[in-house]
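In the two assemblies presented below, subunit A is common to both, partnered first by subunit B and then by subunit C.
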Partner chain A sequence: MAVLGLLADGLVFSSIIVLGSIGLSLVYGIADFANFAHGDTMTVGAYAALVTFGGLSGVGGPSLLGLPAAFFLALAAGFVVAALVAVVTEKLVYEPLDIGAIGLLITSIGVAFIYRGLVRIVFTAESTRYDVQSIRPIEALVPYGVRVTYHDVAIVITSVVLVGSLHALLQYTDLGRKMRAMADNPELARISGIRTDRIRLVTWTVGGGLAGVGGTFLGLFNRLSPRMGFNLLLLVFAAVILGGIGSVYGAMLGGLLIGVVHESMPLLSGLGGLLPLVPDTLGIPVGIEYAEAVAFVIMVAVLLVRPTGIAGEGT
Partner chain B sequence: MVDVAGVVDDMTTAERGVTVVVVVAVVVLLLGLFSGRLAPTYFLFLVGLAGMYALLSLGLNSQWGFGGLINFSVAAFFGIGAYGAALVTASNSPVSDGFSPVYGLAVALGLATVLALFIGLPTLRLRADYLAIASLGLAEVVRRIILNERHLTNGSLGVRGVPGFFDDWPVLSTFPEAMPGLRIDVPLGATVELGAPFYRMLLNVLLVAVFAAGSYLLLSRVHRSPWGRVLRTIRSDEDLARALGKNTFRFKLQAFVLGSLVMALAGVFYAHLQQFVGPGTLDPLTTFYVWVAVILGGSGSNRGALFGGIVIVAVREGPRFALGWLVGILESVSGALGSDGFVGRLQEFVVSLARTLEAMDAAAVRLVLVGLLIVALMRLRPEGILPPQRELIWSSAVDEAPEQPDTGVREARGDGDD
Partner chain C sequence: MSDEPALELVDVDGGYGEVQVLEDLSLQLEAGEIVCLIGPNGAGKSTALKTAFGLLTPWTGSVRYHGEDISGTAPEEVVRKGIGYVPQTDNVFGSLSLDENLRMGGVAREDDRLETVVEELYDRFGILREKRGAKARELSGGQRQVLAFARALVTEPDVLLIDEPSAGLAPNTADEVFADVEAVNAMDTAILMVEQNATKGLEISDRGYVLDQGTVAYEGDADGLLDDPEVSELYLGG
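Up next, the complex of A and B:
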């Protein structure tokens, strides 16, 4: 079945988008602006992992799901560096500004240029990849039309673990309650004694870190290039808007939907054969080269019809 | 005789600063020309590019600066203008066979109007930051279509063989060949040759100057009209404009189409300047460059937009020269130094520095520079360098104002003809 295979691909790609969209949505909710530098934060994380992985190439140890232990250390480095970069940027650039949401949006474009330009100066514009042996799809699943590798499984499992931890953090810890309170109403949160500036920093840390992990996985899934994050940014925005800006759970759902739509484009032309009750000849003749365009059109449609997204405002 | 002291006295600090910068820039460019380091044809090419960015900034300014519309699809309108002109006029166009550039201009403007309605109708009701994201997304959709519909646009190969804009005009078509080739011995030693390419570029500059001057005059006039006043009211308080009975959506849509047409003009010029149009024309980077130009110049200020357009060309083309120049200086310094002891080590360092700089990626340096420029601007002067002051009011309104406080309001006495 082609459908199962496409859904599996969609799930893998979704995991990466979800990691990006959670951070974007968190920052949108708490700092209250559309952060156009978020895609390039993913790039920074991916390249930090590249450097770390290169430095750890001598380290042995067990390998898990086709990935050496060093890769998971590199993944952690991607998280830490991207989080650090996001926090430093907040402290140096965004915090001293007092110019409203649009001014911050434009500033974040400048920040994105600085990230991307510096990555390009250090690593050149050429694309590259992690020095990980590429592996064949899992044999047991191939008969079902599903062609995923253990790397893809690692991407999905890690994302699920991270998303689950974030859920636990938000719902069951004091810090999470404060974050939700602040996303809901910053003034009220401050009056009730929450140190909102500290919560802002935590938000940037979590958002930037998840973006770093997402970027690293994007590099594993495709290749690394200085533009990789910016190219993904609009899809991540589409996911955030679909889910509802500021809502973490909406971002997860939106990311899942956008990722699956993006990967299941081949189904559109043969739609009639898949759905019951419609003639088999029905189909939307849109090629896979328009996968992202379709996602953007969905995004604009959501903005028009239901600007609050699936989950509405708030965490 | 112009009263220079009076004019200078009437300027604000920012205006004086800008004047000094412009004068210095002109002197540097003239020095470059006269010393033979800057080829005259290339100099004119830069002037043309500056005019093109000025046009784009004027267009965006009439959307964002006057109407408050966050349009992140500048590149799409620029691209559609360029493709419209190229597809109608080019020799290897897949859809037509070398029509006159005047038809190309008309088709480009028509396409831009359709695209502006296509993007504007759904998105202009959206909140500001949603409009930004939605328009960027739709611009990307346009780029994908142009990239993938090969039977219409040649896809990634692009459209070649676009003629010059004046190639079928009565006198101007033969102008470059008819003009005598000149060899001029300039004062600072170099010999400058002016041949047909120079005159062809001169015609291009003429074209962009006509486009830019026309747009500037039209937009300045329009923005002082009642229509422009309503638009500015919408920008500062949309609810107020609505309470006054204005159909704000219609005004916004009109401003959006108007600005998009000016951007498409820039695209038409670009197609005839490069004689080639590829999908790279629609790179979203163009959009952000134009945004920098408008914010730098001062939102809502047409002369600011002109200034911003010129600065962007300096930023775009500058790093390439600056790096080459720096490497040249370092090499001559290291040549002058000996090769013993401390001096030798210094020379090694200078040479390796030169190598590093040479190997540096100019496009990447440019990205960092533009990024720093945006951040610095938003931090230090978010209102831009030349914010609107007198240009939004009729000069008669100022002249008839009573001569009041002797101190303080210098702007009130201005003659307001800018």
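Up next, the complex of A and C:
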């Protein structure tokens, strides 16, 4: 029954990775560079939520899934502030620079240090947490080996709603079609009359905002620290590349897979017990501290078979 | 409307970055005609189209649309004035459906006739209606070229720039595409076309320009150019 429990944990962690991956992939598709500041954009969102939540501590109201109403307002603030920071950075830094994809990538590493440095100056390097009451796992699920809290459920449901909304935006609205058209072929988009400057800003808003929500949830899932987003960034990159860089749906899939693999590490050492015809004592003794390495091994293995990623289209 | 040409390049120098391609290039496209640009590789034919459409800004000289100077106007605004452009390659959104491709072609429309115009295009190009839900990258070369035309026609431009419509197509398919070019022209759309198959291109054109080293070497009626022994010898492969 340990499998169910690990899958459940994986799903929660995946939700956070997916929220980060989507923005990274969206921005890659339209601005055409790998944004290394994306992890720290998640951090910015988390701390914006922390400040907002602290400021709203006196506000009452109903609570949902073990979270006070004020937390959901803080979540919205995480979205808004992260989106705003991403858009302002695009306007002030990336857009004026005419230095190509590699130059922008290196610039974004610098931007990441700036975000992180500012967060450290204000909040110190110590980790912290939201002032939310810890809750026990849902009793009804414990017998199945699943130890998730209502907070975890809130993370998954909110992520599903956001991902579903993004899907609806991309597929069924004019704005979404323009975003896809621009990611597909920016020059033809301009030739068709799409005012691509606006679409770029919308993309940064959506990508940055989702990163902010992902960061806020990461703070709820673990704790907040100035390095939290950066520490997650490699996994987010792995998810995006695994899914097919530039593809939003690939990022969703890649995020799900990487998150589940990351949390399912204990399964490896007990592999024999899970498989028929294999002695129970057999296993791959890899400690959970190597979870990221295993996630990358999976990524490399998939890329060897499908070099463009799961949903990538090649060139 | 004035007596000005529908589209005109006047004394244009231009190119990419520091590299000059066009040198003192002047050409005109009158309302309703088909004009073909021919000439060797690197003569500046495609560069002339890109400059006319605002994808490149002329260094000196000007681009005029019905007499209005549109030099340096961005392509997304040029298309709103009434000019359409069909690039040679990457001329459809491969990951979008045919229907979405046409809708993207209509982004610049500011009236509410989009649905009507798209239906008219489906009527004219039956193959597109048949495959309207398919992704554009699933089309054959000829079908893709038809979609590329249709995308550019959703704005109902009165000037259409087409870069090498027959490039990479089998001869039969190329003939169909040329027939489509004539059909589009028959709806009062003036066409400025670059074509590497110079003979075929001139055959469906009213006039032609032979470009060489970024400027006009010969110009005249298409029939005259086809019959000109010197043009024939130098540019039409004997």
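Everything below uses one rule, namely that the second predicted complex is superposed on the first by the 299 of 315 C-alpha atoms of A that agree within 3 Å, B and C clash if a C-alpha of one lies under 4 Å from a C-alpha of the other, contacts with A are read in each partner's own complex, and residues count from 1 in each chain.
Going forward, a contact is a pair of C-beta atoms (placed from the backbone, for glycine too) under 8 Å apart; a residue touches a chain by one contact, two chains touch by 3 or more.
Everything numeric here is computed off the predicted structure, so don't read it as measured data.
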Contacts of A:135 with subunit B and subunit C, given as first, second, both or neither: neither
Partner chain in contact with A:299 - subunit B first, subunit C second, else both or neither: first
Touched partner set for A:191, first subunit B, second subunit C, both or neither: second
Subunit B versus subunit C as contact partner of A:102, first or second or both or neither: first
Of subunit B and subunit C, the chain that contacts the larger number of subunit A residues: B
Subunit B versus subunit C as contact partner of A:161, first or second or both or neither: neither
For the subunit A and subunit C complex, residues of the former touching the latter: 174, 177-178, 180-181, 184-185, 187-196, 313
Subunit B residues within the subunit A interface of the complex: 70, 122-123, 125-130, 132-134, 136-138, 140-141, 144-145, 147-148, 288, 291, 295, 360-361, 363-375, 378-379, 382
Subunit A to subunit B touching residues, read off their complex: 33-34, 93, 96-97, 99, 101-103, 105-107, 109-118, 120-121, 124-125, 226, 234, 237-238, 241, 287, 289-290, 292-293, 296-297, 299-300, 303-304, 307
Subunit C residues within the subunit A interface of the complex: 53, 55, 74-76, 79-80, 85, 87, 90-96, 100, 103-105, 107-108, 137, 151-152, 155
